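The structure's right below; bear with me while I get my questions together.
By written order: A, B, C and D. Residues from 1 in each chain.
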């Protein structure tokens, strides 16, 4: 967690685990983590892409794959921090890397890679990530 | 539950309580019941209003009030049945009455009245429930 | 909204409407508001009842009724504020009053009354709100 | 889809996409598919592991990784079918393979591999999948 805190290309947001996040095992439910991660990506867009005209007109960022590791179950009252960054651009797709850790002790809870494409909403085909798109995304890339 | 079973104006649908429906108290979470009820209303529309042209064009059924009683907490593995019916029409609003009971013993779990209006999506104003709307809804009315 | 801001008995928390909160009508889904309200009540407990030993041992606050008005649909990007307060105590039940408004213009989005009981988890019967319970709750009561 | 229909080791369950499953893009939300998949696994347990004493006492099936491909967005009214099967056992972990397709034309919507361990709830350590566990799982294995 150490280096990340100074890197403005990484968006951080916090949440506290509540009763309605849990399931029968008294841990945060697997599906709920995806909402925590989606909240992280919306916060990322607000912070880094709010002015990106290129993303507004008829182009949607659409998830094609999610690979998520569940490291440790979060429980009621845990304060969690979500880190969101752009970690790869390649041809017609890109990857957001996201982690969730417990604030108290830094213990890893979840890490995930979400692969997305830029979908042309008229043709429903992925657009190559080049030109204005690449200019928007490349400065945000965090190599890992 | 007895009389209801023969009344074609009442839509019934079933579900089994799963681990992700529960919360920290090992009961179905309060918010989740609203999804069970919404599922019931979609099933109702499929059954009774699928051909209702009057509802298709620029008119939305929008909830303005929900009054819900939580009678008894449902737990993991419970089989539940949702009953959905139209119980009142008055001027510019109407009421769907919905109940959820446990199949095993008929125990009441939830009952709710949802008041809705027909919103003209262009003007964003509620339409009076008269003419073609009334013809559609009136035969479905279950007096209680 | 004006008077509330100085009243320490009212808990306020904020959220921004995200894509996963919406439904087919592009408004926040009815069930999702119940999660916003539940988040408000957990924040209230953190703020006002965190030290209340009386609530910890074998006693659960269980909802028995929710009466909720949907005033206006919140949309993507809206910043919302939730106000949560205790508004009534009577015999064996009490009422939390909660409102959600849009921060930008103060427009009301949702208001709700949640009636709850204190359930003795061993006997599964509601306890009278008296003695230590009443001492805990009475100073928090906001008369309306 | 053809061969699967005769294989009793594969559990099938159905659902219809409703308004509250969608998000701002009018497609089923990414997180919601995980609930569809979890429903599939509960149905699988009901069908294949309901009598498995070995799984009842102090052992939890805990997800450690999910790898999910989003093939095509499902929309309002789509009838979907979920297929759930056990696809791999290896040492201390095993994999459930799940697919979701659209009933109308068999179009793939989602496919996923969920890796899980059998957690000893006292020690919080994964148990080797051998002995009674292996006897329970091996006949269910669908090689792919």
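Methods note: a residue touches a chain if its C-beta (ideal position, glycine included) is under 8 Å from a C-beta of that chain, and two chains touch if they have at least 3 such contacts.
Please read all numbers here as calculations on a predicted model, not as lab measurements.
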Longest centre-to-centre distance from chain B, chain (CA-based) = A
Remark   = Ranking B-C and A-B by C-beta pairs in contact puts on top B-C
Query = Between chain B and chain C, what is the gap in Å from one C-alpha centre to the other?
reply = 24
Remark   = So, in whole Å, the Cα centroid of chain A is separated from that of chain C by 30
Ask   = What whole-Å value do you get for the distance between chain A and chain B if each is reduced to the mean of its CA atoms?
value = 36
Task = Mark out which residues of chain B touch at least two other chains, giving numbers and ranges.
result = 19-20, 25, 29-31, 35, 38
Message = Applying the document's contact rule, which stretches of chain B touch chain C when the two form their complex?
response = 25, 29-32, 34-35, 38, 60, 62-70, 73
Residue ranges of chain B in contact with chain D within the complex = 16, 18-20, 35, 38-39, 42, 46
Query = What part of chain C is in contact with chain D in the complex they form?
reply = 19-20, 22-26, 29-31, 76
